[in-house]
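Letters A, B and C name the chains as they come in the text, with residue numbers starting at 1 for each one.
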Amino acid sequence: MQKVLTGNQSAAWGAMCAKAQVVSAYPITPQTTIIEELADIVAKGLLDAKFIKVESEHSAMAGCIGAQAAGARTFTATSSQGLALMHELLHWAALARLPVVMANVNRAMAPGWSIWTDQNDSLAQRDTGWLQFYCESNQEVLDTTIQAYKIAEAVNLPVMLILDAFFLSHTYEAVDIPGQEATSKYLPPYKPSIYLNVDDPHAFGGIVPQDIYMEFRYKMQLAMDEALIAADKADDDFKAMFGRGYGVVEEYRLDGADYVLVTSGTVTSTTRTVIDDLQEKGHSVGLLKMKMLRPFPAEKVRKILSGRKRVAVLDRNISVGMGGVWSQEIRSVMYHLPEDQRPPIYDYIVGLGGRDVTPEFIEEIALDLEKRPVKDCDQVWIGLKE
Amino acid sequence: MRALPHLKQFTEVAEQEIMHSGHVACPGCGAAIAMRLALKTLGRRTIIVFPACCWAVIDGPFPYSACSVPVFQVAFETASISAGAIRAGLDITGKKDINVVAWAGDGGTFDIGFGQLSACAERNDNIIYVCYDNEAYMNTGIQRSSATPWGSWTTTTPGTDFKKERKKNLLEIMAAHRIPYAATTTVAYPDDLIRKFRKAMSIDGFKLIHIFSPCPPGHKALEKDSILESRYAVESRVFPLYEVEHGTHYKLSMDPPQRPVRDYLALQGRFKHLTDEQRDFIQKSTDEEWARLMHFMKVSEAVE
Amino acid sequence: MSQKPIIYKSWRELPLMTASMGDTTVNKTGSWRNVEPHHVEQVAPCSLRCPAGNDVVGFVTLAAAGKLEEAWHLLAETTPFPGTCGRVCPHPCETECNRDHLGGAINIHSVERYIADYFMDKPPEQKPGTFSGKHVAVIGSGPAGLSCAYHLKRFGHAATVFEAHSKAGGMLRVGIPDYRLPPEVLDAEIRRIIDLGVEIITGSRVGKDVSFDQLVHKFDAVFAAVGFTNSRPLGAEGDDGDDVVPGIEVLRKINLGMDDGVGNKPLVVGGGNTAMDVARSLLRKGKDVSVIYRRTRYEMPAIAEEIDELLAEGIEITFLATPVEVLRENGKMTGVKCIRMKLGEPDASGRRRPVPIEGSEYVIEADCVITAIGETTDLEFLPDDIRAKTSWNIPADELGRTAFDKLYAGGDVADGAGTVTAAIGYGRRAAIAIDAAFRGKPVADNAAMSPSLRERTGYAIPFEEINTAYFEDLPRSEPGSLKVSERIKTLDEVHQGFSEADLEKEAKRCFSCGTCPACDNCYIFCPDAAISKVKDDKNKLYLVDIEYCKGCGICAAECPRGCIVMKAVR
């Protein structure tokens, strides 16, 4: 079934297809229409779910945690300040090994108030133990929502799927809605092995002595390792069933390319057209789309980028005092390669606070990359009013 | 060795023992008594939610638990929503006849979890919210909370800087939410406590039970005096036992002969610095609060 | 069953998340404590003070539970005379009762009387002990003698009681007026003793009808309980006439339905129970009776209630005066010259000695004098060799053992205590001693030794150990009594018994000091679930699990009646 949906509606419809059982959510621009759509879906009886209309994002996540612990599949969505407010409970969900799925609409942090996109909100939650997937289109948002449950429940870790404010959240696209029967086949009902069960009582989350805490963290690391495989499998299975797949990374026109632009989110779509133009003009430049931040697909990235001449990472975020987060991540995984296989990696800060990342900016980056001195790897602020 | 039906025997206490020995509550802990009696009443089809509070520790370190019902430990401020969400999860997965109980201290209730508590009450989530109130942050070592009474010493209200603010009136706040059921009780009166839990179990929607829970180290009282202190709290009217149905109908649970507040204060080292005038002040404000409560009772009767 | 420790050696063994896999009983918190609770049975003041050795808390609490037959049997363990004691005992148990601080002492004697009266016509079946082959002669069928015979029978020994009078009962029969102890009550209780198998030979005076030596020869032991039989002389000039009569003689006549044989205006001399009894009996016979006592009301040895009732019935007592001469005209008494007294220094009894006030003589009009200034024993029945070694009494220890072969003694003839209940207790203790001698075992082995008798430590649980939070401040109940205007005309019993409702109300007021009635407070309030209820063990109601008890002491503090003590951990 084809429908014209916004990115936010796509997330809501994804949760519907996945048969989320408990929704616990709080509105925030630009996420609000996700939960409005879900409220509508639940009200119309299209989804048999309990919608807890909580009073804060903190409680939204607490609600997901509680319901998930009771054995229900849960969904929530938030953005920016809301995600920051949840921070404590992001850790909680992950350490409690609860496969909660959440959509986060990337929005810049205040103050001053900004409702427009950048990735600082979600990247700041990098270390909470959540899987993170950055989406490029409304179809990908919907499909990733369904896949997220498949992966989360396979490894018992929560998953955050991320979409850009307005560029996706409020932009309509034609979206294919997978059939309910096929979706149910792809994603069977949630059946946790251990949960709040009066017939098999356990106490969850008691004090852990020093001599055993590390082992639980180690098990989470192992689960993240598993998630690398689970994510690929979930995508492969999805493709086999629905004819669409995305990969945790995507190579776009990279064959033989000396120069690589690395993107995430909606910047990717714009970059695709710029790459097309530049290749037509004879530039040896291709695109690496990063979809998954956690677990970081280190092997894949190393394989793709080794031996290239130069790499430009387009960071729609800034870890002030250091630089763009994606570039740090990529540099750190590339460090293991022999020096002759290791291209210089340049960090381009773009589109903070929702500023348009235009084809002109991206072309500027590609051209800059070709001529920038090797040693000058400092961050480059694109479009900065100097 | 003969059975004597003496005058004030507690007859409602169930045989089933759901709380295990070996928990790590301090000797004489009121909250441990409260839990034991509550679990005896609630039974095994119960899920308990602990936010950060003494009971988060009392229950025992991994891999052990003092409660033979499912326990879910949650973040400090989230007892209410967690319980409400567990209920939602049970409902949607078709699990019936289970008591979902949030079991929080006064910190998690009066302070850090207060917003969530209010929201949960407003949503009328079908849970029993229990606040075992020991009138300070005891788990972190006796710091003042908004449940700490006027005049009390704590480690953050030391010396002459004893607490100069009054205790929040939780029941009035909760009554203002017009929840189906709110009640105060305390460990010295097991039958009252049990009856209120039973009542809460029989009602759909948000139920709040506020348990005054003596804390020997925090109140600087003798371990053996926990029940005495609890009883004096009621007799002195510092902690009256009553119920509020639907937020408007007040009902006094018992009205023992009034005991001077001084008797209650005298059991506790946390009040030992108070002068006679200050003790009189507490007596006066206790009397005023009582008069106000009696007014509510009267209004309730008139409405009936 | 306690949890075994769970040890994880590898992350591979861990559950998915921090989920408990066992319970906290692994954690032996008992190591925290330095004091620990012990359930103990402590002696209640009522039981400690009961001269008969009754388990007062026991029968009162059984009555409270509606278990009247069990209460009756418990009383039967110590006394054959609950109906009598419930009426005539001055009840020191009530004087000591801790309830006195909260609404008034328990009306113990009325509870005892109710239990006895309930079964008076149809007492529950009682079986004597298996016959030992031993046979005891008991001299005197008063409370001490019959109590001893009754218990001997219970212990399995034969007992034959020799009674000089025509009817059994001793002082109970002849010394206590019917309005205090109706004869049918005494008859019923003696009937019970006979039904148990005790032989009573009436009209057989030892020393006359049968010799003491014969008894010693024929029986395995002799228990002498002849009581007080002689009245002390008045010691006034002219006291040797027929118109000066011993009070106990007058009482005997009245009690046996004979003519009292005294004039119309008797003056009763004395301040004890005999004085009260004889004065009130004569009042009921229509006599213009008055009493004279040489000290004040405060020093009167009579039971306070009896004095109150006598005064209420309109009998006048002249205090601080004593007869010095009986005045007669033509051999007929016209009056008694008396002298006024004042109180001097205390005498041996601790009471202030009355001293005559010189020149204060005056005359009280009277046509006869009844002496009731004390009674003494008559030991004429004893053979001379023994008689020579006795004084006014037969010296005996508290178990009735004397210095003479086979001879035991108890009751007034041994201690002169002067109350029915003391005599009953003495008789019982002597029976225990005789039984022990027969069996060649220590006295303490006898199961009949009640706690109060076993542990004569003098310690009874004080009021301070009662947790009054568990008891309501309810007033003592009093049964009704005949109106003065009615009772002075007849010998009908003055005091009525409890109604069923009164009994329940009153018995339930009992604190049950020191005796655990399984109220469960210790179990209910234990924060550590370390006290469990014991099923099917008569000797144990609760078990403290010392592996987990942290020694907080709440159980002891909340025990309503002092049945838990905290002791230092060894």
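Everything below uses one rule, namely that a contact is a pair of C-beta atoms (placed from the backbone, for glycine too) under 8 Å apart; a residue touches a chain by one contact, two chains touch by 3 or more.
Source: prediction; values computed, not measured.
Comparing the chain pairs A-C and B-C, the larger number of C-beta pairs in contact belongs to B-C. The chain with its C-alpha centre at the largest distance from the centre of chain A is C.
At the centre of the protein atoms shown, by the Cα-centroid criterion, sits B. Between the Cα centres of chain A and chain B there is a gap of 44 Å. Mean C-alpha position of chain A lies 92 Å from that of chain C. Work out the mean CA point of chain B and of chain C, and you get 51 Å between them. Contact of a single residue of chain C with at least two other chains is seen at positions 8, 15, 18-21. Chain A has residues 202-206, 208, 212 in contact with two or more other chains. Among the residues of chain B, those touching two or more other chains are numbered 59-60, 62, 64-65, 68, 71. Of all the residues in chain A, the ones that touch chain C in their complex are 95-97, 156, 193-194, 202-206, 208, 212, 215-216, 218-219. For chain B in complex with chain A, the touching residues are 44-47, 49, 56-57, 59-62, 64-65, 67-75, 77-78, 81-93, 95, 98, 115-116, 118-119, 122-123, 125. Only residues 1-10, 13, 15, 17, 19-25, 27-30, 32-33, 36-37, 59-60, 62-66, 68, 71, 187, 190, 216, 222-228, 231 of chain B touch chain C when the two sit together in their complex. By the touch criterion given at the top, residues 8, 10-11, 14-21 of chain C touch chain A in their complex. Per the touch definition, chain C reaches chain B in the complex via residues 2-3, 6, 8, 15, 18-29, 32-33, 58, 61-62, 64-65, 67, 70, 469-472, 474, 508-510, 512, 515-521, 523-530, 533, 538-539, 541, 545, 547-548, 550-554, 556-558, 560, 566.
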